[in-house]
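Labels run A, B, C, D, E and F following the written order; every chain starts at residue 1.
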Amino acid sequence: MDKNTQTFLACTAEYEVSDVVLFGAPFDGTTSFRPGARFGPSAIRCESIGIETYSPYCDRDLTDCRIFDGGDLQLPFGNTQKVLELIKRYTAKLLGDQKRFVMLGGEHLVTLGALRAATEHYRDLHIIHFDAHADLRTDYLGEELSHSTVIYQAWKLLGDGKIHQFGIRSGEKYEFEFAEEHTIMHKFDLGTFSKTVGQLKGKPVYFTLDLDVLDSSVFCGTGTPEAGGVTFKELMDALLELHKLDIIGCDINELSPHYDQSAGSTAVACKITREILLQITK
Amino acid sequence: MDKNTQTFLACTAEYEVSDVVLFGAPFDGTTSFRPGARFGPSAIRCESIGIETYSPYCDRDLTDCRIFDGGDLQLPFGNTQKVLELIKRYTAKLLGDQKRFVMLGGEHLVTLGALRAATEHYRDLHIIHFDAHADLRTDYLGEELSHSTVIYQAWKLLGDGKIHQFGIRSGEKYEFEFAEEHTIMHKFDLGTFSKTVGQLKGKPVYFTLDLDVLDSSVFCGTGTPEAGGVTFKELMDALLELHKLDIIGCDINELSPHYDQSAGSTAVACKITREILLQITK
Amino acid sequence: MDKNTQTFLACTAEYEVSDVVLFGAPFDGTTSFRPGARFGPSAIRCESIGIETYSPYCDRDLTDCRIFDGGDLQLPFGNTQKVLELIKRYTAKLLGDQKRFVMLGGEHLVTLGALRAATEHYRDLHIIHFDAHADLRTDYLGEELSHSTVIYQAWKLLGDGKIHQFGIRSGEKYEFEFAEEHTIMHKFDLGTFSKTVGQLKGKPVYFTLDLDVLDSSVFCGTGTPEAGGVTFKELMDALLELHKLDIIGCDINELSPHYDQSAGSTAVACKITREILLQITK
Amino acid sequence: MDKNTQTFLACTAEYEVSDVVLFGAPFDGTTSFRPGARFGPSAIRCESIGIETYSPYCDRDLTDCRIFDGGDLQLPFGNTQKVLELIKRYTAKLLGDQKRFVMLGGEHLVTLGALRAATEHYRDLHIIHFDAHADLRTDYLGEELSHSTVIYQAWKLLGDGKIHQFGIRSGEKYEFEFAEEHTIMHKFDLGTFSKTVGQLKGKPVYFTLDLDVLDSSVFCGTGTPEAGGVTFKELMDALLELHKLDIIGCDINELSPHYDQSAGSTAVACKITREILLQITK
Amino acid sequence: MDKNTQTFLACTAEYEVSDVVLFGAPFDGTTSFRPGARFGPSAIRCESIGIETYSPYCDRDLTDCRIFDGGDLQLPFGNTQKVLELIKRYTAKLLGDQKRFVMLGGEHLVTLGALRAATEHYRDLHIIHFDAHADLRTDYLGEELSHSTVIYQAWKLLGDGKIHQFGIRSGEKYEFEFAEEHTIMHKFDLGTFSKTVGQLKGKPVYFTLDLDVLDSSVFCGTGTPEAGGVTFKELMDALLELHKLDIIGCDINELSPHYDQSAGSTAVACKITREILLQITK
Amino acid sequence: MDKNTQTFLACTAEYEVSDVVLFGAPFDGTTSFRPGARFGPSAIRCESIGIETYSPYCDRDLTDCRIFDGGDLQLPFGNTQKVLELIKRYTAKLLGDQKRFVMLGGEHLVTLGALRAATEHYRDLHIIHFDAHADLRTDYLGEELSHSTVIYQAWKLLGDGKIHQFGIRSGEKYEFEFAEEHTIMHKFDLGTFSKTVGQLKGKPVYFTLDLDVLDSSVFCGTGTPEAGGVTFKELMDALLELHKLDIIGCDINELSPHYDQSAGSTAVACKITREILLQITK
């Protein structure tokens, strides 16, 4: 008899033959406000049975793709450096094996682990960053490693002109001032995304999606729901362009499922995960 | 002293003098994912005291209408065929007595009971179907009677070209292919509804409204909340055209009130019930 | 050692040097449906640490303002007249001390206490009223003092042509008829707000914001969530015009935080409070 | 066709032939902390379908009793005096018609309305009071009519030595001192209840049950859940003695159903209501 | 790389070498009141990581046992007969392979499927039944297959004197009368359980545990929480005797996890599952 | 005008004249399962207005005590060592100023910070530890600083025979074995507490109370609710003996308020905080 295997919807390929690897990074140890993003990956897997493998948006079906679901990394709470190291090691192996990947957070800081591997692998890496928050703080209560400093940390790895931020509508004043000099920030919405896609064609791109870029009406299942965000349709329209880019890896983070009793936020995350998987699988 | 009578807002007419009959079909026995639509009808009645009898949308008042609230059918769980038979019998009596009706689900399969009566009564019956899901599966885990097969079952009763689907954004690939040949499907939104209204004028129409056609931001109190749907205003604009049609019966289904702790979804269902009652009462 | 002082985000000025005073009126004693607005002010203070002091919308920072947070009034439940008297006395003192103020409700009736003081202070006072409900009932179950009669009571103080209502989409028929003769009502949305701003320049204005003017998708944390309302962006666009007016006082009411488990509604209220504070602080 | 009549389980007798009348007093207007007891009566009716008519505790069946369910009184919020007057009038009629009654609160103050009628009808009336709180305050924030003053108010009607309090474990110091002189208080539990029953045989007794006498583990669905209370079995054992007394009326109050998402507290209230009805029906 | 395998705590043995098989029967299709027991098995697996493999109660450790977790059966909603057939087939295979088993419900009717297999395998089978409800109805709204008829159905398979019921405190009057003649019912508690254990030594026993035998204070995460039940310690004391019996199979049913937001009920179910596994594993 | 000061019920003394200091340590950064204990201190303060200052259990009143509420420490998430250092520094100052203290957690690891200060101050320090869990792990996923290792860490500071554990009912096998040699563990309940009190008279004692020592029926608002624990009355009886000891400091930890929607768990924590304050204030 078979054991009980739990994967995201239809992601049942073996690792060796897979094009894309899905895995979870259930860490929320630097979350300063409402924790719970650690429950994101398992919620997305569990609830994925509520949606279909077929997308009428792009007319493709997950059952036609070869995706391996690696489960969740086992990450120790209370030791942030070690968590990032474990994420880096795992993604480094994936990149070495020529796998594209989708990492399910967890809080936004998990991105830094993946970026540490990706910047070692790719020279001219660009980042596309969808978020409500600038995440450009230099520290949070004295700590340099935090969900609210992650893009500043990314900038330290990548340098000026490589980070393309969209949907930003919250942050300290100095973060917005920093962005004017060092990143390419598109405030409030995704209106200019198509143009950025055109500019980045052919270059290696890491895509980091903080789901709170969505309006809190669509996505309240997160630690700091933010009104004034993009609609599901606006986000979906942007995602449908991802296949035009060379996405080498991406992450979907900050679902904190318990804050949305209706499970609507998790359903949103499931659909977005499906669409991203369909976009980056060739 | 009077007993405690509970009706939907102002639906206090006696059966004999009523134009329209409201009743509940509290069944969710084939729901495959999150059950609870059985609690829909009673929630809609209870919460209806939170809204007004007057609609500023159509400038009409429920107190000027003659509507009988028949309470809920008593439906046995675990026996799907019998449930459908009980619904059919009840609606057959209403049709025989020249009553229009609004059935409050319950899961979407309850529609089939009403349709079995309606198709015996009306030859050239058309169906208008608002939903997030195509509901055109031939079976679900081997079962032909399911919330996800109900429109396929309707098609077996009515044949090609009679089913007008709007707002559909989820389904298996083969459902969309089936729709291309056998139903008239308008994907994603209600943009083309006015045109359909024009085409169906004068014909008997059954209107089935799966409330998950609404975006999950507006309506998360349902078993499978679906992002990417229509806004409340878009739905309301469509409903305000219903009086142009000869609606012989309709249903409003898939409210599962417990999943929306704020009761906002139930409030949405109450308003929609009020508007539909105002539209179909002459 | 310092005691534990709790204020809204950065509202730490002393009373004497402050331009603006923030205070709470935690009363919901006439709420006829779902109570809980009494918990609004403390929720807004607590959750304000989840947002930033800087607004990218108007490029201003709360840390540059002088705002005193006076805490909550202690209001006895069960004695509506006394509650209104206590609110009146407090606001009268603020007006006497040349302070602008933001009162956090509580239910909408708290507005009447503030208006009783404001109309004694200002002759040609106008009211801007954002709400889903007309609030023009003459009584509720025989009671003249109620959340649903508050604007009718305001009219008794102010007379015709002084009350500018926006976003109204619910009410008894006679309320809408009353509005046609005695107030200036803009139904359903805020589309015409800019024009009203132009007309009221230079006049003293009291602004009363019932948060249920927002669509229930954005703001379900309230006693009677109302679909069909304005989006957060539409409300924000209107608020960004407030600095053009001479706002002598305002209130933000009807947040009932427990109905929105995700705390998204409270986050909305926090952001709106920040923006209003930034708008009315010179 | 019949209208939708909603009664407590099997309480379907007509008024004229009934021995006992059940009715609701959905008022919580003086609740100082967490409101919601207004939803108690309707929750008890709705959820009563989840229990059986038969009690294995006393081997009796509700279907053998003649009980009329009068529905809920319509009580205006914001006017405490009027609420008490409406309750008094209704119970006075019941007493005049020789009906015993069970009033479902609502907050504890509703008891005062019933007592005002009962003390006019019966000379030597005694009160049995089960509660976590002494409810002997002279005022609350200056208000004499409050859920926390109700037994003090009862004492003003009845005088010394008539009020038998059980289970009390919370109160101001002066309340306990007052009790030592004016009431008969049994702190913490119901251990001495049998003895009191012996003493009161043959005398008219009003029984007021604040459900928070139960330990908060059994009954958390109330505004101020109180640990350290009696178990369900201890309460049930006491209730099974009620038939030995001449209970002329009673109330069951302070269920606030929304605070117990599991509906367990409402189920407790339903069972207790059933047992009390069986005990006082001859 | 390994796939994501989800088992109950430490139940990682292969089927072939296992002594005991754990599996889920996620069906709640005849639940008449509040559905959700279908989510029981997955909740128990997920939450099992919150408890330890070691039991200080019996000083044994799950890591020393050989238990196979077979995952959940895939059961179609809406077809009760087929569901029972699928359960019967699965348990028949287990019995044929000399495996003891623990089935996680699901509603209580799932027991019938297992019993249909067990009675074919064992002649002198006895049933130990812990429950709040007698479950001896002959039908429910005309349906013979229901959670409330399951022990009556068991009696039809087994005959008089084979069913030992404990903790029963709810039922129709006729159910209690039936029990007096045909089953061995111990009302209200488990006080006499030790004696029954003595009587059944050496005989094949099927143990069915409806978790609502627990007091609703301990276990509110179920469709019909029942006050007046046994404490966790009383239940645990009984379970610690199970190793004296020849338990050939058992089930643990009626956890409906969503009704207990604190997850305390699921934690109770996890501990009980651990203890039962430790008891029946030799 | 005064600012809004928030203290625990009646803890309004100035620091200089206070006997006892209350403060919060809102940290849950090593919580491995369900986080949220960071919200404990603020919940206890907010909800303390729902209980009285007077205790009928010990007939004392908080208004007669001199207690300073120092608010919450500001602790950075993601850096466990620094958090412990900040707690140590604060408690060291209190000890230096001859203040007894009550620290409100947060997770159980916060105890270690206080102990690091206390062991520098007192030679023959003993610890009384009430808990469901042994907390004697040597590490958790490789981390030595964790809520589940805290008593092992305490043992490293204090040595054998100084740690008195009560109520323990969960742990790895090796933790129980460790306890047999190095601590004094009383499993399952508090039955032997009086004897320990007798033994420790006159010695400096640190009291650490993990609230999950309570049965999960009484206290479900915690990350890992544990059935089989002590009742509220059993805990209260033990607490009422504390005044016989020389408690130099204590902590009350692991309230995670959001998991108990009814706020009953927070009310339990408030009452326990009141009783402990009354016990340790001379």
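Keep this in mind: a contact is a pair of C-beta atoms (placed from the backbone, for glycine too) under 8 Å apart; a residue touches a chain by one contact, two chains touch by 3 or more.
Just so you know, these numbers come straight off a predicted model, no measurement behind them.
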If a chain touches chain C and chain D alike, it appears here: B, F
Chain pair with more C-beta contacts, C-F versus A-F: A-F
Centre-of-Cα separation between chain F and chain D, whole angstrom: 38
Multi-partner residues of chain E (at least 2 other chains): 215, 217-218, 260-261
Each pair of chains that touches, named by its two labels: A-B, A-C, A-E, A-F, B-C, B-D, B-E, C-D, C-F, D-E, D-F, E-F
Partner chain C, residues of chain D touching it in the complex: 28-32, 35-36, 38, 74-80, 82, 140-143, 145-146
Of all residues in chain A, those that touch chain B in their complex: 49-54, 56-57, 61, 215, 217-218, 232-233, 236, 260-264, 267-268, 271
Chain F contact footprint on chain D (complex, rising order): 33-34, 168-173, 176, 187-188, 215-218, 220-221, 224-228, 259-261
Complex contacts: residues of chain E adjacent to chain A: 1-7, 15, 42, 45-46, 68-72
